[in-house]
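A short write-up of the structure that comes next.
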Amino acid sequence: MADPIQLVPGNSLITPTAEEGRQLAIKMARLIIKATQPDAAVREKLRSIYAQDATMLVLIGQTVATEFATIAAANSYWKK
Amino acid sequence: MADPIQLVPGNSLITPTAEEGRQLAIKMARLIIKATQPDAAVREKLRSIYAQDATMLVLIGQTVATEFATIAAANSYWKK
Amino acid sequence: MADPIQLVPGNSLITPTAEEGRQLAIKMARLIIKATQPDAAVREKLRSIYAQDATMLVLIGQTVATEFATIAAANSYWKK
Amino acid sequence: MADPIQLVPGNSLITPTAEEGRQLAIKMARLIIKATQPDAAVREKLRSIYAQDATMLVLIGQTVATEFATIAAANSYWKK
Amino acid sequence: MADPIQLVPGNSLITPTAEEGRQLAIKMARLIIKATQPDAAVREKLRSIYAQDATMLVLIGQTVATEFATIAAANSYWKK
Amino acid sequence: MADPIQLVPGNSLITPTAEEGRQLAIKMARLIIKATQPDAAVREKLRSIYAQDATMLVLIGQTVATEFATIAAANSYWKK
């Protein structure tokens, strides 16, 4: 249903820096929500719930941490 | 009970790209729900709950992130 | 208390295919529930709750994803 | 406070089989609960809650899955 | 929206010690919350909720544990 | 705010035994809670909630399991 949404920006987990890896983790987490709820108006309404609710914020942090673990491993932790 | 449902499309974790790996993660997460609740009418009713509920959307994101970690490792993170 | 229940069918994490690995993940997740609640009648009652409740279905999906990560690593992701 | 409780039976993660690894995962998960709530009477009361509540059973399953992932890696997945 | 916030202090996961790795895990977990809710006044209000609520404290601990797992792996566990 | 709290006792993840690794996991999980809520009186009040509440006990178990996974890997699972 949500197939046209691009789920991995740039179709790659590789980023030049840890900072950009972290940004990618946030984007990938958001794109799963977009794929599950493609209606932008509904998402906008839910976004204000996320941002005002302590539990939501912490659960989003948990998801980003999990995505970032994968991205960091893909980049060998950006070690030189 | 849900044995006839195919749980891993193509019976393989290997995908050509990260994008397709992400699509597989979403499909595999959905197929577990299908195996646990094989009644399509019940699932359809629950799907509208998922898509409208902020907590549900975030929890689904967490599950997809976990599935994707496995798929990404299986594909050596699609590094050339 | 639940010692007589077999927790790992076949006492092995190795499966011929990813599909069978996924089936094993579902079985292992269910057997922990069986070990924690050995009374079949209570489990039967709870099963209908699982299958009708959106949060339950997603949380079960998360557990299966975690079990599957271990099984997939045990099988070197079924890569030839 | 809970220091006298033994947290890792046998003080080792190594088990002869996957089945025994799974049993160890259950025991280790229970021993953390024991260390956090050393009063056996309170634990007994809570145990009946665990076993009757669908969410509790699934969350316990998630914890056992996480403990098992560590034990399985410690045993190199019991591969010969 | 939150792009100007620095998500990884120092743009590196590498720290001299485990203690500093743990501090980085806390900071990275907080910065995701900051990126999701950039309004400092709202965050301040939510912070008092986090700190007074048992569930919140435990969920934050779970997120920090996940971030720390990545940082610890990046630093090869600070083994000499 | 909580910077003076030591987050990793001994500033090392290395322990002689699995048992001590498990004790370290419990301590590290508690120290994150201490860093998030530095007021000892509030923590004391919340501690009685943790210990009496089934969900709390299970969630604490999940966090300890995650911390332990990192510590166990750092110690190569205490294999000789």
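Order of writing sets the labels: A, B, C, D, E and F. Residues in every chain begin at 1.
We take it that contacts are C-beta pairs under 8 Å (C-beta built on N, C-alpha and C of every residue); 3 or more make two chains touch, one makes a residue touch a chain.
The UniProt protein names, listed by chain, are A, B, C, D, E, F = Hexameric tyrosine-coordinated heme protein.
Nothing here was measured: the structure is a model prediction, and the numbers come from that model.
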{"item": "Minimum number of chain-to-chain contact steps, chain A to chain C", "value": "2"}
{"item": "Chain at maximum distance from chain C, centres defined as averaged CA atoms", "value": "E"}
{"item": "Chain separated most widely from chain A, comparing mean CA positions", "value": "D"}
{"item": "Interface residue identity across copies chain B, chain C - same or different by half", "value": "different"}
{"item": "Interchain centroid distance [CA atoms averaged], chain B/chain D, Å", "value": "27"}
{"item": "Whole-Å gap separating chain A and chain D, where each centre is the average of the chain's CA atoms", "value": "32"}
{"item": "Whole-Å gap between the CA centroids of chain C and chain D", "value": "16"}
{"item": "Multi-chain contact residues (two or more partners), chain F", "value": "50, 55, 59-60, 62, 66, 69, 73"}
{"item": "Chain contact graph, described as a line, ring, star, complete graph or other shape", "value": "ring"}
{"item": "Successive chains around the closed ring, taking chain B as origin and chain C next", "value": "B, C, D, F, E, A"}
{"item": "Chain C to chain D touching residues, read off their complex", "value": "2-3, 6-8, 11-14, 28-29, 32-33, 35-37, 39, 42, 46, 49-50, 53, 55-56, 59-60, 62-63, 66-67, 69-70, 73-74"}
{"item": "Residue numbers on chain A that touch chain E, as the complex places them", "value": "17-19, 21-23, 26, 50-52, 54-55, 57-62, 64-66, 68-69, 72-73, 77-79"}
